[in-house]
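For clarity, chains are labelled A, B, C, D, E and F in written order, and residue numbers in each chain start from 1.
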Amino acid sequence: MKKNGVRELWSNGKGVVNSWLAIPNSFSAEIVASLGFDSVTVDMQHGMVDFQRAVEMLQAISIFDATPLVRVPWNDPALIMKSLDAGSYGIICPMINSKDECHQFVSACRYAPRGMRSFGPARARIYAGDDYAQNANDCIITFAMIETAKAVDNLGDILSVEELDAVYIGPSDLSLTMGHAPSINPVDEVNDAISHILQECKKTNIKAGMHCPNGKTVKERIEMGFDFCTIANDAAFITQTGSSELAQARGQ
Amino acid sequence: MKKNGVRELWSNGKGVVNSWLAIPNSFSAEIVASLGFDSVTVDMQHGMVDFQRAVEMLQAISIFDATPLVRVPWNDPALIMKSLDAGSYGIICPMINSKDECHQFVSACRYAPRGMRSFGPARARIYAGDDYAQNANDCIITFAMIETAKAVDNLGDILSVEELDAVYIGPSDLSLTMGHAPSINPVDEVNDAISHILQECKKTNIKAGMHCPNGKTVKERIEMGFDFCTIANDAAFITQTGSSELAQARGQ
Amino acid sequence: MKKNGVRELWSNGKGVVNSWLAIPNSFSAEIVASLGFDSVTVDMQHGMVDFQRAVEMLQAISIFDATPLVRVPWNDPALIMKSLDAGSYGIICPMINSKDECHQFVSACRYAPRGMRSFGPARARIYAGDDYAQNANDCIITFAMIETAKAVDNLGDILSVEELDAVYIGPSDLSLTMGHAPSINPVDEVNDAISHILQECKKTNIKAGMHCPNGKTVKERIEMGFDFCTIANDAAFITQTGSSELAQARGQ
Amino acid sequence: MKKNGVRELWSNGKGVVNSWLAIPNSFSAEIVASLGFDSVTVDMQHGMVDFQRAVEMLQAISIFDATPLVRVPWNDPALIMKSLDAGSYGIICPMINSKDECHQFVSACRYAPRGMRSFGPARARIYAGDDYAQNANDCIITFAMIETAKAVDNLGDILSVEELDAVYIGPSDLSLTMGHAPSINPVDEVNDAISHILQECKKTNIKAGMHCPNGKTVKERIEMGFDFCTIANDAAFITQTGSSELAQARGQ
Amino acid sequence: MKKNGVRELWSNGKGVVNSWLAIPNSFSAEIVASLGFDSVTVDMQHGMVDFQRAVEMLQAISIFDATPLVRVPWNDPALIMKSLDAGSYGIICPMINSKDECHQFVSACRYAPRGMRSFGPARARIYAGDDYAQNANDCIITFAMIETAKAVDNLGDILSVEELDAVYIGPSDLSLTMGHAPSINPVDEVNDAISHILQECKKTNIKAGMHCPNGKTVKERIEMGFDFCTIANDAAFITQTGSSELAQARGQ
Amino acid sequence: MKKNGVRELWSNGKGVVNSWLAIPNSFSAEIVASLGFDSVTVDMQHGMVDFQRAVEMLQAISIFDATPLVRVPWNDPALIMKSLDAGSYGIICPMINSKDECHQFVSACRYAPRGMRSFGPARARIYAGDDYAQNANDCIITFAMIETAKAVDNLGDILSVEELDAVYIGPSDLSLTMGHAPSINPVDEVNDAISHILQECKKTNIKAGMHCPNGKTVKERIEMGFDFCTIANDAAFITQTGSSELAQARGQ
């Protein structure tokens, strides 16, 4: 089975630099995947992306070495399993607030006896190889999003769930549920919660991931000990260069 | 009929800052259109865009004030007319190398007796208003691409074609056909040809447009007298921010 | 933030005339939106519409002043939140039969602390403006469909749910669950239930909406006190004119 | 091979009532095809329809008895042949203004030795049957659009082209090229030209078709002797019912 | 209402030969449907197929006599009802492990008072006829997938659910949950469980279906008493001929 | 620049086994590309494939080592250039019947000074590498289809065109234009013409390709000296296995 590049980097002690796709198109996906990111995540939650386009985007990512990942829109076994069958090597699941929710999530990512994933890896077998069935349970990465005050309260329970590989912090929702404006650059109280989550992950040998606004923050978070950090998304890339070049054209 | 924003700016003596779409998707089109460009061009030639997606992209552009334009893949009346019926307010036609080619092109953009455009403005009438039929001939902008050595040789003849509103210089093809490597930052000989084209346009009261690599060049070209300048394209925006943020994340 | 036209009309004491899209296409959506309806609803339940096309249809609606709404296929937080992120200004949720179901529904439409909506308004922010985060909770309209006998039994409980703005009556399902043939022109017993729902809405200051077969019925229902009435759908428009013109062509 | 219903009606002396699709969607196509029209035409010229969607629309039409036809965007052998391979039983070709243009058009619709159509009826064979190759030349209907003053001048020559089965009059373009406003309800001078075309068709045993605004006109034109008449299109059906019902809802 | 071909064959004591679509395309769907299978199932679980494409595929299947069926991705009322509204004449629902799950599933397939299906058969009424509402409850076939050890334990309870018409055995998942490698050619212990399921179905007058690797196995299973057997899927058809012809080309 | 696998095999004296895609879908494309063919051709002529889907299919092919090729629908510079910009490493152009037609075709495949291809390799550069501009002229393969009696008559002239790399024989059209039924298993007279073409290619150092019905014929043709042979297409693969397995299931 084709190796999971994210696991490879982790086993070498490296932090993973991830990218994020909100534009539902395989050409923009291919452009991002060609830039050298360690992994590329198709965002089916807040991205404008549905399953049919996600399949095409996963194909485009597969042309390159970047590891293909999917953020599903909800803790729903149907789309989790479909995304895995389409060749995703990991699932980032939003709004995991309790041990039960976490257990349901990871269970959808693992074949029996380690979970309840249904068998039929249509595209995954083409991407990964004929020994997919034997190795998928050890290859696929499970990321539970920790992004609410409640999840922070239940953190110990959540992190204790077997088959959980990693957490992924959503700073906007975490800010919001802690009583602040949603922001990808969190205020101190939220940053303290983020540090707490990182420490608990380190204790329990769970990998820690986080959404970041830019490359500079990614570098800082990885130096803090984070294992997996995302730089904004494709839509933000367009906006950032587009706006600044337009301003220059107008002499602003 | 809804006014053509590009003509409005021209009649106020302003240079137009144009953007360019190679990604075949209506969400990325909407993002670009929202940034404040004066016009947005769907590139059906070198962009990965076919007519069906072009229609959706023209819809997305129509949400904003930016003027919707199309670069057609070739001097082919079928796609020129379909693009106009879909609501494009101007056509940029590649590889116009002679008076005859120019005449055929502009003829496809005008209803009789000024041309041979077939009547049936399906989406255009919805976008522009019920008086589209009466006003389209005066509203739609015709851009002939001057991008070969041969076109430069025939420039006077081309510029003399009635119903031609503007030229659009493609520096890569112009470089190539003048014996240089294709480049959006042309060498001196090519730059001299570009200046020559600009001067001839000024003499004949034809507007002059050009593809530019970035906002700084757009500003310079407009200061030189260009009337319509494009900043790279959406794909380049992704690559530029994506690459530089990734490099920062890696401390490179 | 761009105002919600439906709320504007309501605050002026006006009844809203809504249209309904079952055809999964952005061009037919644009045609309907151009006709002057106060709002246009993308029907993801019984319409042949999935999320990807819904995004394109919401873009087409956004070209006009009509307020964009979505009927989701089920009381499922994933699609409710995705529809809002795609720029819908209201959600019509089918089959709300109890207070708990209603609470779950409205909670998915509101950011903390008023609900559990996850933050990431990808297209919504482009459509509505940069202050979307601060204002969305007050802008987005929540419509609970009252369309079963059970829902009528639980009406008081349902209407008492905070963050519920409106109900939307589905006469076909209401007929069916009250023991009658499904019909958009309900029998007396069902009409009595509908009047009862309207009265309860008036008492509790909840807006009342309803699906109607044609313009005449919409006028009558609004005169009865309804605040939001839909005229059939796009598919019915095609069938109605198509059938009657065909009959005339054949002299029938 | 499945019979061509239009030819069947013609051989029974009946006038064909045709419908017209401008919305690029297979569900709206299926709705129209279900209403009982004799034939359904996918409009790839002024409709917002490209080849990929046309294939899906032809599939939807094939569920019913209506004969599937295509109007191509231009006299271009590539799209004519692709449309036939996709299962169209006739081609309506715009802007046939001379004998040469007509010859080129019909030649693209016939296999050697009667024409130059390339062999590969991918979907057509599935729709029509395994004996498609032997019978296609006699089954497929060729419609040359007569829609310019020049075409009227060259009418005798055009009608003399072997393999031409029918003409199709486009009243808007005919009006425009005769110096009038484009209209589907032509002025007297244009109506005289239309009568002249009809008479010449009768003399030369070429079938005569025409685009009409509504069922009443279709009935009149068929009574005049026309063999094939179209009622507006799907977009007009939506607009007609949508507008009138909306006006009723508003008491206008 | 158009008859359900599968029920017709069953009432004549015949075993149904079913085909299975994993490729999300209406042309490949049409090819398979044209081959003469009794029914064609769109696989929305492990196939790479989402709702929008499923609608187009159901249209393509409707051209032929084969009965259109859908396997939904999960026991989710939203997609079950949407698939029925799109014209599916039966639903195969994965992972039915208990009486409650079975009851929830079949309830989503039946209108009140026999279930909770919401009314709005958009495309189904076009495909089936205007009397769809009256007859759908007796026409639509409910298949519960029995594919886990737990389901076998609860078999009696599951089979006792009113409105359940049939079971469908998934041998790969059944193997996996019984502690074996997933395989469409099950080991003896799993085969014994399959025989047990068949016997229980016979006792309770529930039809028995099963996924098979090829035509030979289908023949054997039907001779054993199975009522509905599937031959692999479209993707496997491509692989089988493609691989063997390629090997011959290379002289392997 | 990524090497052209077909040229690599040719320089090693090997015959290329090619596959052919008529189904407009990236998943079926990926399945075929994964089977080990040397090259995969997207058929935009008789396949049901338009440009937008062709791009997605080229992406899917790019995941594997197979060389991506496109058959364009006609000798039209627009689609030839778009296909190359989308990453095709060769163009098969139908109906090349004269030296002029051949010259026009190859000219569209080469940048100046060797041709008139316009510069803008949007996806090609991502697939091939940043040195695409310098190397494309030597990498891209031009295949002129020899498939009419007229082309055989003009063979010497056609083969003398500089920049022509290969011919591709279409046996069905060749049969048809020589007065026989169209067949992929040609009669003797046509086979003689095919042998003649092969000999002329050998003399002029032009590679010879041909469409074949199956692997056995490919082996024979390559042993005859052909350099590039195609095995039927994806649609035929489905039909072949589907039909034979269905017959077995029915005991036929």
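Note that a contact is a pair of C-beta atoms (placed from the backbone, for glycine too) under 8 Å apart; a residue touches a chain by one contact, two chains touch by 3 or more.
Treat the numbers as computed from the prediction; the structure is a model and nothing was measured.
Where touching is counted per the definition, the chains common to subunit D and subunit E are C, F.
Touching subunit B and subunit F at once are the following chains: A, D. The most distant chain from subunit D, with centres taken as the mean of CA atoms, is A. Here B-C and E-F are compared, and the pair linked by more C-beta contacts is E-F. Put simply, the chain farthest from subunit C by mean CA position is F. Centres computed as Cα averages put subunit A at a distance of 34 Å from subunit E.
Annotation: 41 Å between the Cα-based centres of subunit A and subunit F. Among the residues of subunit E, those touching two or more other chains are numbered 22, 24, 27, 31, 48, 50, 52, 55, 76, 79, 123, 235. All chain pairs in contact, by the document's touch criterion: A-B, A-C, A-E, A-F, B-C, B-D, B-F, C-D, C-E, D-E, D-F, E-F. Listed in rising order, the residues of subunit B touching subunit A in the complex are 17, 19, 22-25, 27-28, 31-32, 35-37, 48, 214-216, 218-219, 222, 229, 231-232, 234-251. Across the complex, subunit F is touched by residues 26-27, 30-31, 34, 55-56, 59-60, 62-63, 123, 126-127 of subunit A.
Listed in rising order, the residues of subunit C touching subunit E in the complex are 22, 24, 45-50, 52-53, 73-74, 76, 79, 94-95, 147-148, 170, 172-173, 176-177, 179, 181-182, 235. Within the complex, the subunit C residues that touch subunit A are 50-52, 55, 76-79, 81-82, 85-86, 111-113, 116, 118-123, 133-134.
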